[in-house]
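Take a look at the structures below.
Shared between the two complexes below is chain A, which pairs with chain B and chain C, respectively.
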Partner chain A sequence: MKASRARLFKEYKEVQREKTADPDIQLVCDDSNIFKWTALIKVVSKQKNGGKKKIGPSETPYEGGVFQLAFAVPEQYPLQPPQVRFLTKIFHPNVHFKTGEICLDILKNAWSPAWTLQSVCRAIIALMAHPEPDSPLNCDSGNLLRSGDMRGFQSMARMYTRLAAMPKKG
Partner chain B sequence: MVSEDNVIEDSVSVEDDFDGDDYEYDDGGDDYDDDYGDAGDDDDDYGLVEDDDVDDPGAMVSRRPKLGYTVLQEADIKQRQEDDISKVSTVLSLSQVEATILLRHYNWNVNEVHDEWFSDEERVRKSVGLFERQVVDVSDASEFTCGICFDLLPCDNFASASCGHPFCQECWQGYICTSINDGPGCLLLRCPEPSCKAAVGPDMIDKLAPCEEKEKYSQFLLRSYIEDNREAKWCPAPGCENAVNFAVGGGDFDVTCLCSYRFCRNCTVEAHRPVDCETVTKWMLKNSVDGENVNWILHHSKTCPKCKRPIEKNQGCMHMTCTPPCSYEFCWLCLRAWSSHGLATGGFYSCNVYEAEMQKGNVDAAMRREMAKNSFEKYTHYYERWASNQSSREKALEDLNRMESENMEKLCNVQCTTMSQLKCITEAWLQIVECRRVLKWTYAYGYYLPEHEKTKTQFFEYLQGIHFFFFLKAEAGLERLHRCAEKELDKYVTADGPSSDFDDFRTKLTGLTSVTKTYFENLVRALENGLEDVNSTACNKTVSPRSPASPRSPTGRNGKGRGSRGKESPRAGGASKNVDDTSK
Partner chain C sequence: MQNQDGAVADREKESAVSIPISEVDDWANFADDDIMQQQSAIHAEEAKKIPFVGDKYLLCCNLTVLASYLLYAVTLFQGNSLSVVSLSNTNYPMPMKNGWTVFIIFAILITCGIEKFCYMELQEPLSMLAAEYESGSPILLEKIKVLDQQYAAIRRTRGDGNCFFRSFMFSYLEHILESQDRAEVDRIKGNVEECRKTLQSLGHTDFTFEDFFSLFLEQLECVLQGNEDSIRFSPFFSQDELILRSRDQSISDYVVMFFRFVTSGEIRKRSEFFEPFILGLTNATVEQFCKSSVEPMGEESDHVHITALSDALGVPIRVVYLDRSSCDIGGVSVNHHDFLPTSANKSNAKGGSTVPVKPFITLLYRPGHYDILYPK
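Entry: the complex of A and B
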């Protein structure tokens, strides 16, 4: 308990100090509870990101979206992984469409205490850019990708990005 | 597995205690001829007969099969494990710790370790996580930042695996304890640095874990030596901590532990010859759970296709990964290796294999529902008989224990004889216990015997006939033996002084024991060879008329001369001959 608090506090300070290092990730700690965090992930296009190939191919269907993640950190953290789920609806083979549950090995059996909340966010961004249709939680999405229907997948994913992850226009 | 021979010789052997119980198929087939041919001679003339037939030392030797397994006690297991570790450590010039990690990785197979190591040391080191030099070197610095708690700490507080990634000792302790408390997967522990594959071995555990976890870890390590080893299994008897070591692919599945529990080393259920493992598993599942539970288990759980542990799937995708150290990856739908799934085989989620089977299954399902109505009565019939033999067997075991603890000494005193002369009584009881076991399983066999089909009716009627014939012989033999060991023995225990006919009694009991044993061996063979048996038409003619209806009809015409004629003139034709032929 004490160790997890100390570690989370260190991460909190690090986040404050390094705000500019990762402009696409906004990690926010709950005001009253250090074990509850939220993150906003901005998926920006290649051009806006200064040409850096940070978030994968420019044709990512999540482009322009802002996705909110909820972290529930267990008391055994960092020996146990945090529980992370998408609060924003997203059409992705490895994210449960209803609950936002994420199928990512580092959040399950491949967890290492050397990971941080920040690096988990980075791993999730990488997962968004490179879906793993081999182990799908969202079968519809996985089936589209697996059958090679890139256009179908892209348009579905883009539609949900517009509906759920972008500010409403007008 | 020739190399195993020398190992077997020098360890604890149970050969002497259970010599005859093994059903090895030896070549002394002629020995059995007598008892088949004489379906009717159930008269009381065993004493004479068996002296010639079985007590002949030559016959005993030829019949005694070679044991294909060794029973290991905890000390033996430790010893073997240490020997293996030392062997690898000497041959490969590695530390004991490195040898342990290496052996664990290759499931304690010394030969495989040697082969792999000498074919490509570099690759083995990489995949196992044994680094020759550190990737990171912080030994010069006075302070370091722990990669887990992010504290800046003085260097005396640091520890690392062979890679050199520094973490403080408290964090190491937490990391190791979490892993140990998660189960035997801790034997595969790696450096906490995500990209680093360096193995964390027993030396780190020793240095950094608290006592309780250390104890757990060494238990896991010891268990791993049996559980991950293809050639060893734990004795499944409750409270027994022995294991058996055997040669894979070699001979008999039935093994007897030092605790005298007999079990099948393939499926680790109690010994179940003549029934095969699959049938037993089906039968046990059917018995152990009531309808509701069966349904639940069938619908919600499957067993890992590799390690057979039951798995309940409550979330996630169809890509299953069994808990370490098995870590087998498979498809939940069709239970085949995940690696066999991909675009080429029809994809990851809609498993083609499964769908093809479902189409077949739909047809089956309708038939199954139809059959379910009829099957319950049939099941009850067989189950009752199975269960009653089970309880008879337990009763016989109790009787044996009571006999050994109470009556044996009394009998020694009353009859003025030595313990070793009374060995035949223990043997008789052990035989009774064994017979009950076989009888029990014949009911499971009977339950799964294929239903009659038009084309096969004749065949199966014949088959059941021949089984029934052996079955009656065996059962009658057992009854006589039981009576003799229970009732008649009582007379001698309660007698006032030495009885003049006690020696005769002993001879008779020995005879009955061995005759009954032969009957049961024949029964087991007949059932195991059931399908091959019938190929010979000659046999068909001889046996069919007298098998089911009148097993006792050709009265004791061969009775008297049986023993002396025995091996020299095996009876021509007859079921016995045929069975022996097929069993070779």
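Entry: the complex of A and C
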């Protein structure tokens, strides 16, 4: 308990110090409870400087979205992983469509104290760019990808990004 | 004795069930958290049946454990009529029929966080090992006889995937406690600093590992008697204290994790040396191997881990293999392998001379598990 608090406090200071280093991740600690954190992750275009945007299978349908994550840190942290879930609705094979639960090895058996809340956010961004359709939590999404229906997957995911992860226009 | 064993086993079962998976109420917000926790819960339940580190004394140990439970319960709950009544109703040794009493006492103890007592295991003479294989392979039985001639006792560790690191931890600290070898402690501290630099140069943020490092160094200080710190913290640091600490999850797991960091750092620092061995084990790169098989708790250790840890800390380790590999015509012999640190590659070459050639840490390997052996 004491150890986890001390560690989280160090992470908190690090986050404050490194705020500018990772502009796509905004990690915030709950005002009253250091075991509760939220993060906003921004998915930006990879071809920012490439002029005209190309639409292709490698492009992420989450582009332009801002996704909110909730962290619940256990008392045994950092020996045990934080529990992380999406608060923002997302259509992704490894994210539970209803609960936002994330299927990611480092949040389960491959966790180690070498990870931090910040690096977990980076790993989740990487998971968004590289879904693993073979271990799906969202079967509809996984099936679209596994059957090779990239267009179907992309448009579903993009639709939910627009609906849930982008500011409403007007 | 039979009866008690039953009672103890019973209580251990209860403890495994009644230890709450999570105490953070906020987690209730996570609808599927039972799914997320399931794997670790099963893991924990299985593993908790055996303590982190075993006990050295065979006979009367169950009695001692039982007695200490009762003593604790009495001292803690003198004012509590329920527990006093239930205790006075309990005959000693505790009969099985009194299951409710056992349960009540145990539930109380659990809630008071004294459950670390149930991590206790025995250190046993090797004949116990033979009993385990009674109906097993004759080769094993022969080998145990050979072992019995060379080794006095065995101390079991919990088979939770950390058994190599945990055995190493206990064995090393016990050696320091008994030998009071200040030179060795100073030497290993140098190596630990070296490991710290390695991790820093590999891009680890300090705060991710510094807690684990300082906890290990603290344990080192504590086992050295006559040290100011050890007097201040625990004037009577004894083997019992070491056992208690090794069973205290908040210490034991942190030291295990310290070793995991050290091992991972050493493997990545000398990745070109370890790469072929890792490719032989898995299909992973050195980086992937460290991330998936060294750094996470509960990942079992192999030759690669032992070599790396031995090299990094400059501590020789002997591993005795109890397996069914058949023997030469000459008769039964038990294989062992000494992991001798390559002190040549250490920058502090002067430290090389102090490295003892004969390992003072002996571990017994049975496929999938490490325990501690005590030479005669």
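The definition used in the following text is that the second predicted complex is superposed on the first by the 158 of 170 C-alpha atoms of A that agree within 3 Å, B and C clash if a C-alpha of one lies under 4 Å from a C-alpha of the other, contacts with A are read in each partner's own complex, and residues count from 1 in each chain.
Basically, contacts are C-beta pairs under 8 Å (C-beta built on N, C-alpha and C of every residue); 3 or more make two chains touch, one makes a residue touch a chain.
Predicted model, so just to flag it, every value in this text is computed and none were measured.
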Chain B and chain C placed together on chain A: clash or fit? clash
Pick one for A:K98: touches chain B only (first), chain C only (second), both, or neither. second
- Just chain B (first), just chain C (second), both, or neither: which does A:R85 touch? second
So in the superposed three-chain picture, is A:P133 touching just chain B, just chain C, both, or none of them (first/second/both/neither)? first
Would you sort A:R7 into first (chain B), second (chain C), both or neither based on which partner it touches? both
Exercise for the section: Would you sort A:P74 into first (chain B), second (chain C), both or neither based on which partner it touches? Expected result: second
| After superposition on the shared chain, which partner residues are touched by A:A114: those of chain B (first), chain C (second), both, or neither? | both
Open item on the list: Let me test your reading of the model: by the given contact rule, A:N143 touches which partner, first (chain B), second (chain C), both or neither?
Closed with: first
So, A:K36: does it touch chain B (first), chain C (second), both, or neither? second
After superposition on chain A, the stretch of chain B among 27-35, 189-197 or 387-395 that runs into chain C is 189-197
Chain A residues contacting chain B in one complex and chain C in the other 3, 6-7, 10-11, 14, 78-80, 101, 109-110, 112-115
Per the touch rule above, chain A residues touching chain C in the complex are 3, 6-7, 10-11, 14, 33, 35-36, 70, 72, 74-75, 78-80, 83, 85, 96, 98-99, 101, 105, 107-116
Contacts from chain B onto chain A in the complex sit at residues 147-150, 170-171, 174-175, 178, 192-194, 315-317, 319, 321, 324, 341-343, 347-350
Residue set of chain A touching chain B in the complex reads 3, 6-7, 10-11, 14, 76, 78-80, 101, 103, 106, 109-110, 112-115, 133-137, 139, 142-143, 146-147
Per the touch rule above, chain C residues touching chain A in the complex are 22-24, 26-27, 29-33, 35-36, 39-40, 204-205, 207-209, 211-212, 250, 253-254, 257, 260-261, 264, 291-292, 295-298
